[in-house]
Amino acid sequence: MLANAWVIPLLPLAAFVLLLAGGRRWKEGVAAWVGSIAVLAACVWSLGVLAVVPGGTGRKMEIPWLSLGDTVITMGMEVNRLNALMLLIVSLVSFLVHVYSRGYMRGDERFSVFYAYLALFTFSMLGLVISPNLLQFYIFWELVGVCSFLLIGYWYYKPEAKAAAKKAFILTRIGDVGLFIAVILAFWHTGTLEISGVIQAVQDGKVEAGIVTLIALLIFAGAVGKSGQFPLHTWLPDAMEGPTPVSALIHAATMVAAGVYLVARTFPLFEASPVAMDTVAYVGAFTALFAASIGLVQNDIKRVLAYSTVSQLGYMMLALGSAGYTAGVFHLMTHAFFKALLFLGAGAVIVALHHEQDIRRMGGLWNRHKGAGVLFLIGCLAISGIPPFSGFFSKEEVLLSAWQDGRWGVFAVGVLASFFTAFYMFRLFFLVFAGEYRGKGQPGPVSSGMMWPMGVLAALALLAGFAEFPGGWLSHWLTEETGIPAGHGSAPVWLPLLTVSIAAAGIALAWGMYVKQSVSPEQWRARAPWGYRVLLHKYYVDEGYAAVIALPYKGLSIFLRGFDRYVVEGLVRLATAAVQTAARVSTRLQNGQVQTYALISVIGLVLLMIGLAAGRLF
Amino acid sequence: MPVTSYLALGAILFSIGLYGVLTKRNAVIVLFSIELMLNAANLNLVAFSKFGLHPSQVGQVFSLFSITVAAAEAAIGIAILFALYRNRGTVEADRMNSLKG
Amino acid sequence: MEMLPSWITWAPLLGVLVLLWIPRERTAAIRWVGVLATLPSLVLSLLLYVSFDTGKDGVQFAHSLHWFYLPVLGEKWDFQYSMGVDGLSMPLVAITGVIVTLAALASLYIRQRQKGYFLLFLLLEVGMMGVFLARNLFLFFLFFEITLVAAFFLIGIWGYVNREKTAIQFLLYNGLGSACMLLAFMGLLILFRSLELSRLHEVMHHSGALAQLSQSGGDTLLWGIFIALVIAFGIKLPIFPFHTWMLRVHAEAPPAVVMIHSGVLLKMGAYGLIRFGVELFPVQTQAAAGVLAWLGLVNILYGAVLAFSQRDLKRVLAYSSVSHMGIILLGIASLNVYGLQGAVFQSVSHGFISALLFYFIAALYERTGTTQIDQLGGLAKQMPVLSGIFLAGGMALLGLPGMSGFVSEFLAFLGLFETRPWVAATGTLGLILAAVYTLRAVMQTTFGPLHAGRERVKDSRWTEAVPMLVLLFFIVLIGVYPDVIGKPMQLTLQTIISRMGG
Amino acid sequence: MQWNGEFLAFFLLSVMAIGGAVFMIHFTRVVHMVLALAFTFLSIAGIYVLLHAEFVAAVQVLIYTGAVSILMLFGIMLTKHRTSDHSDSRSRHQLLSFVGVAAFFGVIMWVIYHTPFSGGKAETAKYTVANLGEWVFKQYVIPFELTSVLLLAALVGAVILAKKERDA
């Protein structure tokens, strides 16, 4: 089971090929079954792998891929405990999303294409997870990017989807190039592409400190692009143009977490460079607060969740940057469950409301869709950090690692972001489920096929925290024989109290504003209208990019087009014109008169003779 | 007499002939000039048969051949001229530009 | 078996013979004979690929015949008809066989004077195969000129509106390149009294002979020859600022010819640079590597920036070719086995990719009558299969891993990062820009709402879809398992590099 | 340089030859030109005598001074000749021709006077007509016969060219 773990990604790949070949001929049910069964098999297999995986470097397998001089680049798999955990998370969430999509995508004319894309994504993500070397990692890294692109642009005829897909691809590509350079630098400075080999070389001090920092920062650049960290975060909220199951799978639970996973996977590299650690921590903290503050005022249900994702990813980065390896991974896991749950819940709401996404036109759904409401509430409680939901434990771990690493500023930012999170999540919850229905028409039903995956996720969101508490079982399991410090000991007593009370304060504020309506949001808005506008426009980052990068680039391109047309080609024309003039002059000599021809011959002869005799003259 | 004098004479005659070929509009005169150039060449042949590196009477033989050919050339030339004259009514060289495409 | 290279080269003439006997009115017969006539070469080149011994260094299937003597100053200069294949030419021969056959299928779009078209087309194949297989510079030159003349007529007669001007520009530029090449070859002939490649290798890699040569002032001449060769093949590649002819050809030639042009003919530039630059002039290449790297960088960025603002799909692809050829230059300039392998990989991969994309363009033009980006849009609705193929081709173009473009880009940059990290780092900017222009081109045509007046566009027929899928298959094959072409070339390239002492 | 008889003869003859040639170029009436040319040919025949080529001299007189000149006269008389009008481009052409020919002449003269001719000693006593005959009919008999064919061809050709119009 363990030795053949490389089959796990191939299962969804087979499904992809089948679905592509089957095309539109297959009925919806067949396509959904093919995809779901393949992923279920992968999921079961992953569970088996998780049960038997040994600690330390785990199990490796590789085959030659490309011979280059004396070096042979290999492809293969490596399963250690981190990988195995990721395998399970990815395949599990993917399976649930597969099941859920059957209901969500009902009636779509490219149904089987959607499942094919989902299968391809699952394949790529699983391949990414078990990559033993950086190159393979990069390959799958790009593949998940392209799947994300395809799925964001799934409704290709919508101009917004088209723009969002393009933006997602290009912005992540910017980060990817950083990773690309990092892979090459790692190869030249350590002589290998194996992740374990690179780490070994760095730990043995074979690489200069400056180079290690550079490589770590470039890897982090890749992670920034993929995980939507500032300043490359803007694609992630736009990516909500894709179908909601996609947002749940790719843009909440798995792909965006790949950046975090990457940092975790190469964690010893970061540990070796204080600068890199600082960068990760500060970028993570800044993103956490930044995105959370934008999330406060957004009105699209999926966008609120998207900013919340960005913010939570910032949390994970923050944890990793503060040396909280297990805290980061733990939060990654819990977040995968509760954020997927939230997205699927949002999807259920959207389906029920006939594809309405604006929360100002929702409300009062608690009575009609109690099941969805409860599940969504579980997700909200988990993300806000209310015990005993999983988010509470992981968030506390994160803040604890920041505190113990001595990063007060980061800690304070984390606490503030946690307050924001609680507020906007419950703002969302109350606006959607409490009060009166503000939309048009009647809310429709939600199929049970969509409900029970949410149920599974809710259970996980509720229980996943107990993998770590009490006793730090997860940390020990993850770090056994890896040389990475397991945890930070026990937390001070005041920390859980602080986090819970902060979260409760956020929830209370949201309650006050949107249920009891004792605090008027309009008043707050009126007090700082410019602040509200800045938040609503997401700090004008998109506009800034357009003005600073996109426009000048377009200008440069148009300028160069003129340059190419008039200067480069002009030079060519000049040359041809010169030749043509010469030709025209010589055609005039061709007047058909023998004497002229003879004269020219004579002159030519004379010149020739002078040329020959000139050697003797001098 | 040094050979250079004969060669110089040949060169002078040749150049005059050449000038005639290039400038005279009357095709008959052009033919004359060509004959003059041929004579200049003959002169060189004969001169070298006496003063050459390996003097030999073969030079004279060649000049004989050359004279023969020149005679034939003159005959054909005049004949072509006649034909042209009948066709185009002129023997002026600068009117003959049918070479021009 | 030993004569395989010759068979491959001359096999299309069989088709020429058959074609000559078919009356020009029987267009259907002419078309199918034209397509079938490319098959012998394809089959033979695949056979060559299979029987090529990857474990052996040097030229295989070599054979040479005495051709003629040139008596010069009491010596006899010997000219041989020699053919052979080594690891460098092997992938290129294989790709030529494949692309020519597929381009012949794409030539079914040709509506007029099919007989002449296919005659010239087959002649072009003879030239291309010969270029890659000739082991004598004189022979090489002859084949090179055959491709030039055949391509000239193909562009000039069957192209779009400005075809004649384009063909003339094509001929002038390439004629200039050929003149430089001829001068260089003459220089080599005078210096070494032979144009046999094997003989030239012996001399050029024999340090004693070289030292003697440089003492007698041959160094300057060698440099002159080297520069002339770089110019000759640089025009073909093309290197900025010699690229304008290539843009016109891309925009004006019939798509099937562009498939060949962009897929194979441009690669002759890369092949020449490696074969006659790196392999024959290691010292000079080493000294000029910096210039080559900068030229490559300019090519990459210039092409990428310009591709972004073009309105014509064909021009976008043309500029992207400029950009991709820059990667070949970077690979060559890196002077190590990684980079060189990257350059060859890029030649092969870009050959397949551009052939695929121009096949798509041909199909698109057939349906819509335009390739202007702003007159297209939302085509995925009407032609999902073709759009999917275009999307896949675009992904290959921007270097998506799992497809051939990535392998070559990775290798080229891997190589260059060893020797010139800063140039390489700047060059990676091209990867981002490639995504920008490719996505713009792909998404403006196939995504978004359907452009008005395109409601009746039909999806692909099987005669179109199959060749495109075959190309896509090769692209993915190389991307997934690059050793298929990496293995044959590896030893040869390693030898080239080891001779360089690097 | 010595003032001997040979030199004097050469000087006179060459002056006559050049003078004839110059006049030929310079005269405006065609008949005068022919006469001047005949004069040149005659002088050249004299120079041949100086060079011990008596037979060639005789042939020169017979063929050039006699046959060719008469042929030319016929040519002149059978065609019409207008007095030439000098146009602008014509004079430019003449000037260019003069410059070209002068340069050519200069180069030739420079070469002639800078080339060291180390002539062997000719056995002029052997340069007899009999000897010449032997050369022609022994070693060069085939070219000789070929010239006869050439002459025949020229004869026929000339007749056909001259007659053609009337038949057509």
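So that you can tell them apart, the chains are marked A, B, C and D in the order they are listed, and the count of residues begins at 1 in each.
Going forward, a contact is a pair of C-beta atoms (placed from the backbone, for glycine too) under 8 Å apart; a residue touches a chain by one contact, two chains touch by 3 or more.
These are the chains along with the protein names UniProt gives them: A = NADH-quinone oxidoreductase subunit L; B = NADH-quinone oxidoreductase subunit K; C = NADH-quinone oxidoreductase subunit M; D = NADH-quinone oxidoreductase subunit J.
Worth saying up front: this structure is predicted, and the values here are computed from it rather than measured.
J.: Taking subunit D out of the count, group the remaining chains by whether they are connected through touching.
T.: Once subunit D drops out of the picture, we keep one piece.
J.: Identify the chain whose mean C-alpha position lies nearest to the mean of all protein C-alpha atoms shown.
T.: Closest chain centre to the overall C-alpha centroid: C.
J.: Could you work out how far the Cα centre of subunit A sits from that of subunit B, in whole Å?
T.: 93
J.: Where the centres are mean C-alpha positions, what is the separation of subunit A from subunit C, in Å?
T.: That pair's centroid distance is 37 Å.
J.: For subunit B and subunit C, what's the span in angstrom between their mean Cα positions?
T.: Centres of subunit B and subunit C (C-alpha means) sit 58 Å apart.
J.: Starting from the mean Cα coordinates of subunit C and subunit D, work out the distance between those two points in Å.
T.: Those two chain centres are 64 Å apart.
J.: Which positions in subunit C are in touch with at least two other chains?
T.: none
J.: Show the residues in subunit B shared as contacts by 2 or more other chains, in ascending order.
T.: 18, 22-23, 94
J.: Residue numbers in subunit A touching 2 or more other chains?
T.: 595, 599, 602
J.: Looking at the whole structure, which two-chain pairs count as touching?
T.: A-B, A-C, A-D, B-D
J.: Which residues of subunit D touch subunit B in their complex?
T.: Residues of subunit D touching subunit B: 6-7, 10, 14, 17-18, 21-22, 24-25, 30, 33-34, 37, 40-41, 44, 47-48, 50-53, 55-56, 59-60, 63-64, 67-68, 71-72, 74-76, 78-82, 84, 90, 93-94, 97-98, 100-102, 104-105, 108-109, 112-113, 117-124, 126-127, 131-132, 135-136, 140, 143-144, 147, 150-151, 153-155, 157-159, 161-162, 164-165.
J.: Considering only the defined contacts, which subunit C positions touch subunit A in the complex?
T.: Within the complex, subunit C contacts subunit A at residues 172, 240-241, 243-244, 302, 305-306, 308-310, 336-338, 341, 378, 380-381, 384, 395, 400-402, 406-407, 410-411, 413-414, 417-418, 421, 424-425, 428-429, 431-432, 435-436, 439-440, 443, 446-450, 481-483, 486-487, 490, 494, 497.
J.: Of all residues in subunit B, which touch subunit D in the complex?
T.: It comes out as residues 1-9, 11-20, 22-26, 28-29, 31-33, 35-36, 39, 42-43, 46-47, 49-55, 57-58, 60-61, 63-65, 67-76, 78-83, 85-87, 89-92, 94.
J.: Across the complex, what residues on subunit D touch subunit A?
T.: Subunit D residues touching subunit A: 93, 96-97, 100-101, 103-104, 107, 110-111, 114.
J.: For subunit B, which residues count as touching subunit A in their complex?
T.: Per the stated touch rule, the residues are 18, 21-23, 30, 93-94, 96-101.
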